[in-house]
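One structure coming up, written as structure tokens, with questions to follow.
Chain lettering (A, B, C and D) follows the sequence in which the chains are written, and residue indices restart at 1 in each chain.
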Amino acid sequence: MKKGVRALALLVIVAVLVTGFTGCTGAKAKDKASATEQTLVVGAAKDFKNGSEPKTLIFDSLTDSLEDMSSGPRLVTEWEKNADFTEYTLKLKEGVTFSNGEKFNAQVAKFNIEYWPVYRDCGYIKKLKSIEVIDDKNLKVSFNESYGNFIDELSKIWVTLPNAVDAKGNITDWTGTGPYVLKDYQADMSATLIRNETYWRTDKMPGITKIDYKVITDENSRVMAVKSGDVDVIGLTEHYTVMPFADVPDLQANKDLQVSICEDYGTITTYSLNWAKGVCMDQNVRKAIALGIDRDMLCSTVLYGVAEPTSRFVLPTYKFSQQEEGLKYDLTKAKAALEASGYKDGDGDGYVEKDGQKLSLKMVVSDTQVNRSVGVFLQDALKKIGIAVDLQVFDATTTKTMLKAGDFDLSTSHPWTGTVVSYLYWRGNLNTYDDYGIGYGVNDEMNTLTETVSVTGDDKVREEAFNKIWDIQNDFVAGVPLYFSQRIFVAQSNIEGLKFCPNTAEVDLSEVVIK
Amino acid sequence: MRKYKVKTKKQQKNLIWIWSGLLLILLILIVFSPYIFPDSNTINYELQLQKPSFQHWFGTDEFGRDLFSRVFNGMRTSLMYSLIIEAIALTIGLAIGLLSGYLGGKVDGFFNYIMNVFQAFPTTIAAIALIAVLGTGDLTLIIVLSVMGWVAYARIVRSETLIFKERDFVLGARAAGGSSAYILGKHIFPNVLLPVLPLATLMIGHGIMAIASLSFLGFGVQPPNAEIGLMLKDSATFISRAPWLLVGPGIVLAMVVALINALGDAIRDKMDPQKQMMEI
Amino acid sequence: MKKIIINRVLMILPTVITIAFLAFSIMYFSPGNPAEILMRYRNPEGGTDPAALAHYEEMLGINDPFLTQFENWGAGILTGDFGESFKTGNPVTEEFFYRIGYTLMLSFTGLAFSLVIGITLGFLSAEFKDSWLDNLLRFTQSLKMSIPSFWLALFFIYIFSTQLRWFSAFGYNSPKDLILPGLVLGLSNSSRMVRLVRTCILEEKGSGYVYTARVKGLSEIQIFFKHILKNITLPIITLTGVSLVSMIGGSLIIENIFGLPGIGTYLVSAIVAKDYPVSMGFLFAYGVIIVFINLFIDIVYQFVDPRVRDCANAEI
Amino acid sequence: MQDDAVLKITNLNTYFQTPDGNVSAVCDVDIEIKKGEIVGLIGETGCGKSVLGESVLKVLPYNAIANGSILFENSELMGYQQKQMRQIRGRKIAVIPQNPSEALNPLIKNKKQIYEAIDHNDKVKGTEKKKQALRLLQKMHFKEPEKVLDSYPHRLSGGMKQRILAAMGLCGNPSLLIADEPTKGLDAIVRSQVIETLMLFKENTGTAMMLITHDLNFAIKVCDRIAVMYAGELIEVGSSDEIFNNPLHPYLMGLFLAQPENGLIPIEGASPSLINLPPGCRFHDRCEKASEKCERFHPEMKKTTLTHEVRCWNL
């Protein structure tokens, strides 16, 4: 009996010790900053210097993207163009300085216009003849041929100091004219930014004085972090969905959090079909795949009703987007397409075969919850039309390596984002493999059309060319658009003023306050 | 004086029977899971993320698949791979341990040193590094864990061989002119096999856990195959919405491994009566 | 004494060299062209320029024979130069020393938990042998041994972070953030400790000197603290070493889940990202740390047990 | 009469609870030790003689249960709590544990272990404590007591360890010494040292002794009275002379025949399991004279002389 008492006493002591330990360290945690000092803790998916979004906090672009995807003034305040789009005169904002005191002038702008387009998929560099510095505030840009997309593309030029870059398109000195100044940076881990108190756009002066940028690579950890209040917001510095869709309903139900879903700007998740190698060389197989996927079902089940089904390549908000949806779900048509190529289920195992060869796709995706779930969904969906899917999930690097080697039949791909014209320049012309699978440059006509849409200043011509592009893509099926994946911010409920920007890369904190 | 209730031999035996029975039931469910639960991979979106109920004891996952049947399907993969891994590791370990212990000298020194090197790398990390070389996949998983697993066997076989080498019957056989191969195969091998048995049992549990860990990190079994680590990885996403996704696989995994370990302990006790004596 | 220690240290030299060799060859034989990988990291937005590739190949010396490359790398190690990370461009040593702190903090927190848990529960289990408490403790131990640490981690996060909000679920902001991962690590490694402490205490309790102490009139508490504790130190130290090794190895999955910037997570991400210098350097470092922990245990052994100490002295 | 007895055990039963059933290690034992008397307790290994000693001191393993009566200096120990028992152990009853090579903690210096014993009896301060320890060691005829104090047990020989254990026993004021197998596994020379040690002890304290041993010759040499134990019960008690000159129980006779000087004739068979004891005489299946009665009925102790008792039907 005495022993029992002693045991109890020991347990109590241990418990006291443990709680004492936790209590002490708990008390050390610092209080939140006072009202005037507002710190926003951002949970990010990527290294600060690696993504395209974080840099928009430090740098300014030459022009702004507006909601209809046209351009507005920023560092370039006014522009004039001649009738055939071969000459542009740009007027620059006066009195803008970099955070280290250097002035922004025509020389700096000229450097940026010449240096960055290669790394930002801007087509104008191919037609650029000369840039003439008229005076400190005025530039004249001349092209060899007419180029109508120039001003739009300037929205992708984020202005750095001329001596702040290396020969490979890397920024070596992160000094910009933007709303924030980079104070501290740990590769792959964190960054600290403080407000640029002399920011030239006084109307856009942010209320947040300090940003703690924390890299959280694991998607579940990211969600946990915002749930437990460790970070104020996630999804802010990425142009894609950074949390599993499955979490969204749960996050929405959480009273401590607010979930903003962007209705207008986002990306369309598109899967790539390896049309240059293997079974997917057969157009009918590609068609069957595109027809065999029930996108409504996909979105309502494994995407939890958060994503919207679509079979378009670009958002309908885009002026030149295709008029109608592309290939829609149709089981009979899908089966017919397969039959047309001679695929039949001869042995009754549920899978079709041709020349004794079972139709089996190698599906390669990188390891995220959404990819795994969609993969299993597709596997199940394609089984219904008799196609077997060998799902292989790898880490991001391995996936990229395999895609680049063409070692896949079906894979995730890069959506048609950025300005559509830039995307066409990048992957619309490509007929080989890259990190995102295979390009959409399925024939020579795609090259001509890409040329046309970027050069012309005439919306009619552009529209015609785009319609042809959509026809080609819908007919050839180099890729299968599946769903419209919105941008989603998840933030603590005391944070107000988070907003989505038309330029998907831009992070605009000008109206954000922490209550 | 305090009175302790000491379990009688009969009670102990009964307990062992209960455990063995439980393990047997689990093993039957696991081994024959494809026949007992033929539609564990059948997708039914109407049943998405259902709470545990009478029809679905562990609930359902995001594809509406019955978690209970999937858990056993998953354990089947784990158990099968673990058995293969331990069989390979045991073979390598036996061969090296026997040679090392019997031949001694430079051979022993060499193998000892190799074993030290192998033990310098934590299993998970070494496995991931090797998987990086060989590529992710189920086969790689088996190879890698076998390569990392033999050392434990080799050590115990070696020390047992050293003991038996000096035993009279071995010395006698040697004096009678038996060849080394004959002595190793006929006299030492059967004797060292016995002490290895409890370790081998314990290592099956370890193997299951190692496979689960690697799959959890994304270096193991591929979907849509059910595997415990993979299922737990998915459950991480649904942890607040559907915590039961974490519970079911955890319970079965813990039960199977615990029971296998208990079996290993029982075997060891049986073979080491001294321990039992000590307990008196 | 000194001689013995020096001897031991010298004996690990070939092991260390082999570890270096293995670490190097694993990365050498892994698929992919390091020059191409390096180029992609240094120039993420550019294409593949053959001239640039040639330049990077030249820089890395990847066309040299295997042994030459190994020698170069080995020579670098001797001068403390492990190369630079492909990904971040920082020296590997810098990356390492920045992160090893977190791993060690985590491991030692885990160790502390496992010792406290192990000794307390082991003591209780032995003291109340065969009582309900002992049975319960033994049952939980064997169950705990069969639960993977990541399961425990997820479960704890669910309970303590998302439900109770006591601890943060991610990253390292204050020492408090080590409690949960440390507890998970400690718990999943404590089963062996509890078992060991229990068996050792029981064994010691049946031993001659405890009998002597008893008949001398010492109380059980006195006997435990003055005699038994000292005698079970040795096996505890040995197991502590083993646990430390397994914790440093096993911390990777915990670091991963709790987002601690330790060497485990970083090594895995480096392996995945094919950041060769980091992978090789960290693999090597892992091996060496573990070899040295084992060495350390060996030496501590000598100090604790006067019998071993005397033998050591006699050998000189 | 009563005042004369240091220890009076009546009807002592000790058994162990094990998974196989209860093991009765000590069965209905009655024994008495008078002041200054040396009583030998003889029997083969496992007959329960050590358990008898442990029962007196209440240092039995946790699964043991003892009942009966143990009167020590007229107080009933049976009802004592462990705390009260500690006042007896080391102070009133000293013990020289069996197997001296394991009876000292190998990791603690000798002096500390001796100090513990001193501390238990009365608190003395540092230097005084050392002096007392030295005195004790000198009493035990150590030649270099300082050196002994400062070394670890493994540096000492078996005989020296035993003398240290004896020294620890000396530091109280014991009226009873229990020496458990003091000669087990020792050669002739060391054995004579042990006898010397015990004699030294007696000289120093004049205490009564319970000598637990399996060594018949040794017991006869040293003891005043001898009790023979077999399978947990006493089978013959008598003075040394009576036991030596007139052994009555067949088992005791067998023991004498098994002595080296008598030709090493072993007793056939083995002692019975203490779990399932035969109903009759516990020795019957090894006994040449066993009759059916021996097989079926358990014999009681019978007095043959005033001091000689035996448990056998054949007398």
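Definition applied: a contact is a pair of C-beta atoms (placed from the backbone, for glycine too) under 8 Å apart; a residue touches a chain by one contact, two chains touch by 3 or more.
Remember, it's a predicted structure, so these values are computed and weren't measured experimentally.
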Report task. Taking the mean of all protein CA atoms as the centre, name the chain whose own CA mean is closest to it. Result -> C
Query raised in the report: Which pair wins on C-beta contacts, B-C or C-D?
Result: B-C
Report task. Indicate the whole-number Å distance between the mean C-alpha point of subunit B and the mean C-alpha point of subunit C. Result -> 22
Query raised in the report: Roughly how many whole angstrom separate the Cα centroids of subunit C and subunit D?
Result: 52
Report task. Starting from the mean Cα coordinates of subunit A and subunit B, work out the distance between those two points in Å. Result -> 44
Requested in this report: Give the residues of subunit D that touch two or more other chains, as numbers and ranges in rising order.
Outcome: 62-63
Report summary line: By the touch definition above, subunit C meets two or more other chains at residues 31, 129-130, 157, 162, 206, 256, 272, 274
Requested in this report: Hunt down the residues of subunit A that sit against at least two other chains at once, touch-wise.
Outcome: 3, 227, 395, 398
Requested in this report: Spell out the part of subunit A that touches subunit C in their complex, as residue ranges.
Outcome: 3, 7, 10-11, 14, 17-18, 21-22, 25-26, 28-29, 50, 118-120, 168-170, 186-189, 214, 216-218, 221-222, 224-225, 227-231, 395-398, 401
Requested in this report: Can you check the complex and tell me which residues of subunit C touch subunit D?
Outcome: 129-130, 206-209, 211-220, 226-227, 230-231, 304-307, 310
**Report entry** Contacting residues of subunit A [partner subunit B, same complex]
**Finding:** 1, 3, 219-220, 223, 227, 244, 246-247, 249-250, 297, 300-302, 367, 369, 372-373, 375-377, 379-380, 391-395, 398
Report summary line: Within the complex, subunit A is touched by subunit B residues 2, 43, 45, 48, 62-63, 135-136, 218, 222-224, 234, 236-241
Query raised in the report: Which residues, counting only subunit D, touch subunit C once they are in their complex?
Result: 57, 59, 61-63, 82-83, 86-91, 93-95, 97-99, 101-108, 113, 116-117, 120, 152, 154-155, 165, 168, 178
